[in-house]
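Two complexes are shown next, each including chain A; its partner changes from chain B in the first to chain C in the second.
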Partner chain A sequence: MYKVIGRHHIRKDGAAKVTGKAKFTADLHFPNCLYAAIRHSEHAHARIKGIDIAPALQMNGVAAVITGNDFHSNKWGNVIQDMPFLANDRVRYLGDAVVAVAAETLELARNAAQAVRIEYEPLPAIFDPSESLAGEAPLLGVNDNTVVRHHTSTGDVQKSESDSDEVVDLLFETPFIEHSYLEPEAAWAVPDQENGVTVYLSTQHPYSARRAVAQALGLDLNEVTIIQPPIGGGFGGKDDNASLVAARAAMLAAKTGRPVKLVLTREESFLESYKRHPYKMHYRLGARKDGTFTFLQAEIIADAGAYASMSPFVTWRSAVQAAGPYRFDSVWADMLAVYTNNTYTGAMRGFGSPQVCFAVESAVDELASKLKIDPVRMRLNNVYRQGDVTPTGQVLGGHVVSLTQVLERAARKSGWPGPNTGSDRALGIACSYRGVSLGAEGADQCYAVVTVSPDGSVDLAVGVAENGQGLNTAMALIAAEALGCNLDRVRVHPAGTHMCPDGGPTVASRGTIAGGNAVLDAALKIRAQMDKAAQRFDAGNATFEELAGVCDKMKVGLSEVGHWSAPPTSWDGKTGKGDAYFTWVYGCQVADVRVDVRGQKVRVERVTAVHDLGKVIYPQGAKGQVTGGVVMGLGYALMEDAVHEQGRLKSYNFDRYKIPRTTDAPVIDVEFIENPDKAGPFGAKSLGEPTCEITAPAIANAIARAVGARVVKLPITPERIRQAIAGGDYK
Partner chain B sequence: MKILEPKNLAHALKMKAENNRAEPIAGGTDLLASWSAGAEKPAVIILLPGLAELSGIRLNNGYIRIGACTTHAELASNPIITRHLPALAAAAAGIGAPAVRNMGTLGGNLVCPSPAADLPPVLLAFDAEAVAGSTAGERVVPFSEFFIDYRKVDLKEDELLLAVRIPVPADGIKSYFRKVGSRKSQTLAKVSLAARARVEQGKVIHSAFAAGSVGPTVVRLKETEALVESKQLDLEIIEQACKEAEKEICPIDDIRSTASYRRFALNGMVREFLEMLLPI
Partner chain C sequence: MKKLLELTVNRVQRQIAVEPTETLLDVLREDLGLTGTKHGCGEGDCGACTVLLDGQPVNSCLVLALQANGREVTTIEGVAADHDRLHPVQQSFVDLGAIQCGFCTPGMVISAVSLLQSNPKPTEEEVRQALSGNLCRCTGYQKIVEAVLDAAEKMGTGKTGNTADKRRA
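Up next is the complex of A and B:
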């Protein structure tokens, strides 16, 4: 019934990307420009006693040297403003930037940055989150070292435990993870003819960067323009740090009146940029003999690192989803995030879910194994069904709760239960429910501006950003479907803060639902005008293009601002209760894994991924999300680990920080379940993150079934499998 | 940095003789990366690419002679290598990514070898020799003496590594190379094993095992070799050999792996090779 959505199309930016025509931020050039370099901290925690910039300033060809004192306001943060653009009184991790230099050449800028004399007084530092709350720990936060604490509970855990026939008690650990976007942070700051500045920025949230730059330079929001050129990936990582980079470049441009290029090297990107939170998770789960779950108790501590960043919201999602998609009589979950002097942690694809999904799904399989119940049957017995109530008191309704559907489909498609336990090959399963978009984190709205020109061509600007996921194609499809025109008539303009009002961040798998709803709103308004005009001017048989021409002649306006505001959500932090998200999505993945008994090396042969995303708008984009998410999840499961030692990363590049390559990728068998949701454009909701949060536990469960021992710490390396078999890691 | 461009090998050797501290550079895959990571750059470099005397793979007098500037990509696909030394071709094919294999050279992999380098175990297992050259002439050093210590080789200040020569393996020799890393490709070895042997009337003849990444340099597993020599190959002797191999290495715990896992994985590889020799 739909004409364009859900069908095969070539992505809008495909040709430019594969032919190399796409110009990424670092590819741009502005005449009369300067090159910038950053000098980073030499300590994980130290007081800055003095900064002498004179030796750098004296160098021939150095145009400007700035410190934290140059900023109008030297505080930044999307949630808690505890982060400086350049550290000027204290450095709190090794990635803190202290000085920025602009010079005629990059080499000169780097040399000048090193010539600055910085005097430090080293302070005691904390690297273990569990030590951060001890009495003698140095103060890293405002009043204490807690960034945030979330708590949810329902029922009576003690009573439910006494009703249990079997209880598992497991301590899970997950590592720091690097986003591994292909393109490191990059900014071009260009002063404009008035007072302001335009920043071309590799960011997934231009509006957040605009706030940061305005705040840093003391400008109004409309004096700062952020333009997003094609971006080489974000995965949650191109937000806070991109804003810091933008502000430093903008300040150097403001000081010198010249365009400034600031591009981080890969090593600087590893050093500065925030990571996915490492979690330590103590889970206890109980069930009756028949496999009915009784209680879940989770005590979780997250390492927030040096700054709060998105920790308050990341850990909130963990707390809300801590018990997985299952009915328990009682749930008690406590989630704590603390400051340390490690690299700060923030948003990364999954946003607090990959950690808890790993824990819950592993624990469920352990319980199943103890009770000798098939893991799929165990899940089917306990997953939420229509109208069930989550631990926060939210009734799951208003949309199709499709856990049973995704589980049954994934099990059948993957050939569950697969080979017998004890062979070198086994299947492992994991499923999840996920709250869509920001939920009760904050104001959730989006804008789009759509204009139909007299020739029937369409301009579209939307308040969410193309991060490489294919968003612009999805937006164009929604506009074309609603307007009744061909896809090739729609041009989606690069995200720019001057093009469209603030649409919120392109995070939380909200691109399609938030942007799409705003586009749909604008497009439907225009279509209504066109339909009215067709009737009035007797142009019922006119083509879209002809009708656009008629509207222009007859002065019918065909330009609209679309707006979407999310359905209501609620949250009471004291009780840990509320309708956390306005709708939910469901997914299930099965990993088919071979464990080489000679080396205990794991080869993931196939991943079957079944996701209910409401409605597929752009099939190749959707498939790409699953493929990318599964491979990222595979890296999380088997190899990625941004090890810190005394606050220092052990690897600053991909030679040692291992991510999967195509040779490690399994066959990925994708299937979408479509239960259209009234909250989404044409029923579409979320996909990007669910794909990435259950791959690791599915692989972990497959390995456990194959070797008969459970690794509770990611990544699951051959060394850890060996240890688990020997009884070392297994609890 | 001063860049010297020799016209031919004699010219290059003269440059090296006149300027012992000059750094020869071929593909640059190691040097460029280490310079950008902050290592001190040499004052003078000598560019080796394009010197005809350092390139080419030839069969000559029972030896396979491989020029030091032969790239990993050439090693992986050259018909002489794939026919006579499939283990060397396999090791070269597993180095880095295509860009590294297209630029990186055999010589570069040998003159400042990481204990985890991929080619040394194969060369050691096949009794290969290094051909070093100076204005005084050529000097041949077996690799068993060439690799001295951690990143230290027997190459004098005025010498360049010219080539590697390997006795053409006799017919019927079975060879093996495997590296265990943290992923399937573009990975550094946690542990690697190159091996060769012949089986005559069920007995193992002239076996050689060389393991990488289990000590400061690549090592021959002499005890294991002695244990299986002229023995009737069966499951029991395989079991003993695996145990012996584990015993005679001294691996360490580091960022890539643990000593215990390295022993375990080496055991698995020795077993894999010897089982390959069993009659079907």
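Up next is the complex of A and C:
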């Protein structure tokens, strides 16, 4: 029925990327340019007593040295404005940038940055979030050290606990995670011919960077243009920090009137970029003898690090989804994020879900083990069905609640239950529900601009960004389907703030649903004009191209701005109730894991991933989202840990911060369930993050089934497995 | 003090004055404008800067430019036989969707081309071994491995040889 979407297509930027022709930000060059370098803090927490830039300014070839005092406003943040472009009164973590320099060569800029004299008065620092709220802790926030607290509850946990035959009580911990996009942060700031500045930026949200640069330089939004060249990965990590980098480069460009290149080294990227939040999670779950869940109680504390960044929203999602996709008589969930002097934490693929999915899904398996019930059967007995009510009071309806479907399919496809427990190889399962897009976090809307030219070629600009996931190809497919033209007629232009109105951030797995709906709106308006013209001018048999020509001659406009505004959501922070998201997606993964206890090795042989994404628009891209998400989840499960010691990272590069390599990656069996959703373009909704949030618990559950002991702390290293076996309280 | 570096890059003879501290990666990107080779980590851990030096894959961030004196370098820009066509490995990467953000892609392709030169019919395990020095954060590697096997098949039959990752040998 569909001519274009859901069929095999290759990505539009494939040839450019495979030949080296694709120009990433650091690959660009502007004549008469300067090179920038950053000087970072030397303390995790200190007062800046003085900054003497004279020694740097005196150096031959140094064009500008800037501090926080140079900015029109030195406050930034997408949610809470607590972050300086350059720290000028206090440094709050070791990654704080204090000085930026522009010089004729990079080497000179770096030397000049080191020549600046900075005088600090070290202050007491906090590195353990559980100490952050103690009376004697230094004040890092405004009134206290709480960044945010979310709470939601339903029923009566005490009563439900007394109804329980079995209760598990577990403390889970997850680490800091570095996004590890292969391309470090990069910006080119180029003064324009008027008052403004154009910044070519490795960002996944050009509009957020535009706000930051405008605020930093005291410009209007239309005086700042952010252009997104191809970006080397984002995963949530190229937002706040990219905006800071942009603002520093833009200020240097404004000061000097020359193009400025600012590219972070890998070490600088590790040092200053925000990480995924470490969580400490105390979970208690109860069930009756027959396996029916009774209650879930979760008390969670997140390390927000030095700045709020996306913590308020990340932890809100954790609170909403804290109880997993299960019916409980009673739920009580408390989520707290606090300031410390560690690296700040923010958005990373999953956005508060990988942590709670690990806890809930591990705890469910523990309960199943205690009650001697098969983990799949346990889940099937308790997962949400059509019309069930979540702990926040939302009725799951208006779309197909497909948890049973994804569970049964994944179990069958993976050969569940697999080898007998006690062998060195076992299957582990995890499932999730996930609210689509931003939900009640904030205004959720998107724009697209579509133009059909007289020759039938199509220009498309959309307010969400290509981060490598294949968004532009998906947008082109949706446009081609709705317009009735061939895919190769559609050109998707690189994201630029001058090309299209602000479409909101490319986060929350909202690219296809937000961007696609906006594109669809514009394309359908144009198609209606073309259909009308075909009738009026008797061109019913004309090709798309011929009809485009007719429309031009007859002055029928074929350029439209498409707009999408999300269906209503609601949230009452006082009661922790509301329709948190306008729709949901469901997924299930099974990991087939071999544990060699003596040889201290864990090998994930295969992961079966079944996801209901509504409708597949771009099959190759969709599959890539799953395989990539699974392997990122494997890194979370087994190897990644951005350890901080007294606020200092133990590793600043990939020599010691290990991410999965080809030899670590399992075979991944991908299957999509399609239950089209009326909220999405052609029924499509979300995929990017669900793929990444349930791999770690599936692996954790497989390991527990294989060795008969539960590791409650990520990453699950051989050492921790050995400790768990020695402790041996699994059965 | 700058020294004269003579080398062949993508079949073209080049003479460049370089600082003794400059890496091959710097020269390729900054002096020759061959920006297809990426700077990912600067210490040979990510493989984004992989090029062929006398036919062998190297991390160009770890090679001093002067070490390449008199030698032959092939970058992603020169891996195909001519400008208008893709190397079979490149073609398979495009066809099978082995590309997402594309930042690791040039290095991946170079490592794969090198593997297939010495081992035209690798097993999946041999492909995984040969590409284990190239990090990718987007794809989960599955499509990349499939693309290399697909290219091997399309490039025709050959003898099964040994794993050809010289960097790790």
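Methods note: the second predicted complex is superposed on the first by the 727 of 731 C-alpha atoms of A that agree within 3 Å, B and C clash if a C-alpha of one lies under 4 Å from a C-alpha of the other, contacts with A are read in each partner's own complex, and residues count from 1 in each chain.
Basically, contacts are C-beta pairs under 8 Å (C-beta built on N, C-alpha and C of every residue); 3 or more make two chains touch, one makes a residue touch a chain.
Treat the numbers as computed from the prediction; the structure is a model and nothing was measured.
Student: Contact-wise, after the overlay, does A:T663 reach chain B, chain C, both or neither (first, second, both, neither)?
Tutor: A:T663 contacts both chain B and chain C.
Student: Touch check for A:K650: first (chain B), second (chain C), both, or neither?
Tutor: first
Student: Taking the superposition as given, does A:K601 touch the first partner, chain B, the second, chain C, both, or neither?
Tutor: first
Student: Answer with first, second, both or neither: which of chain B and chain C does A:R39 touch in the superposed model?
Tutor: The answer is neither, since A:R39 touches no partner chain.
Student: Touch test for A:Q469: chain B only (first), chain C only (second), both, or neither?
Tutor: second
Student: Have a look at where A:R510 lands relative to chain B and chain C in the superposition and call it first, second, both or neither.
Tutor: Neither chain B nor chain C is touched by A:R510.
Student: Just checking: does A:M639 make contact with chain B only, chain C only, both, or neither of them? Give me first, second, both or neither.
Tutor: The first partner, chain B, only.
Student: Please tell me which partner, chain B or chain C, touches more residues of chain A.
Tutor: C
Student: Can A:R722 be said to touch chain B (first), chain C (second), both, or neither?
Tutor: First partner only, chain B.
Student: With the two structures laid over each other on chain A, which partner does A:R527 touch: chain B (first), chain C (second), both, or neither?
Tutor: neither
Student: What part of chain A is shared between its chain B contacts and its chain C contacts?
Tutor: Overlap of chain B and chain C footprints on chain A: residues 267, 655, 660-661, 663.
Student: Touching chain C in the complex: which residues of chain A?
Tutor: Residues 10-11, 13-24, 26-27, 29, 179-184, 230-235, 265-267, 467-470, 620-621, 623-624, 626-632, 653-655, 659-663, 665, 667-668.
Student: Please give the residue numbers of chain B that touch chain A in the complex, ascending.
Tutor: Those residues of chain B that touch chain A are 33, 37, 180, 182-188, 255, 257-258, 260-261, 264-265, 268-269, 271-272.
Student: Mind listing the chain A positions that touch chain B in their complex?
Tutor: Against chain B, chain A makes touches at 267, 596-601, 603, 638-639, 643, 650-651, 655-656, 658, 660-661, 663-664, 717-719, 722.
Student: Which of the residues in chain C come into contact with chain A in the complex?
Tutor: 29, 33-43, 45-46, 48, 75-77, 80, 86, 90, 93-97, 99-106, 109, 127-129, 131-145
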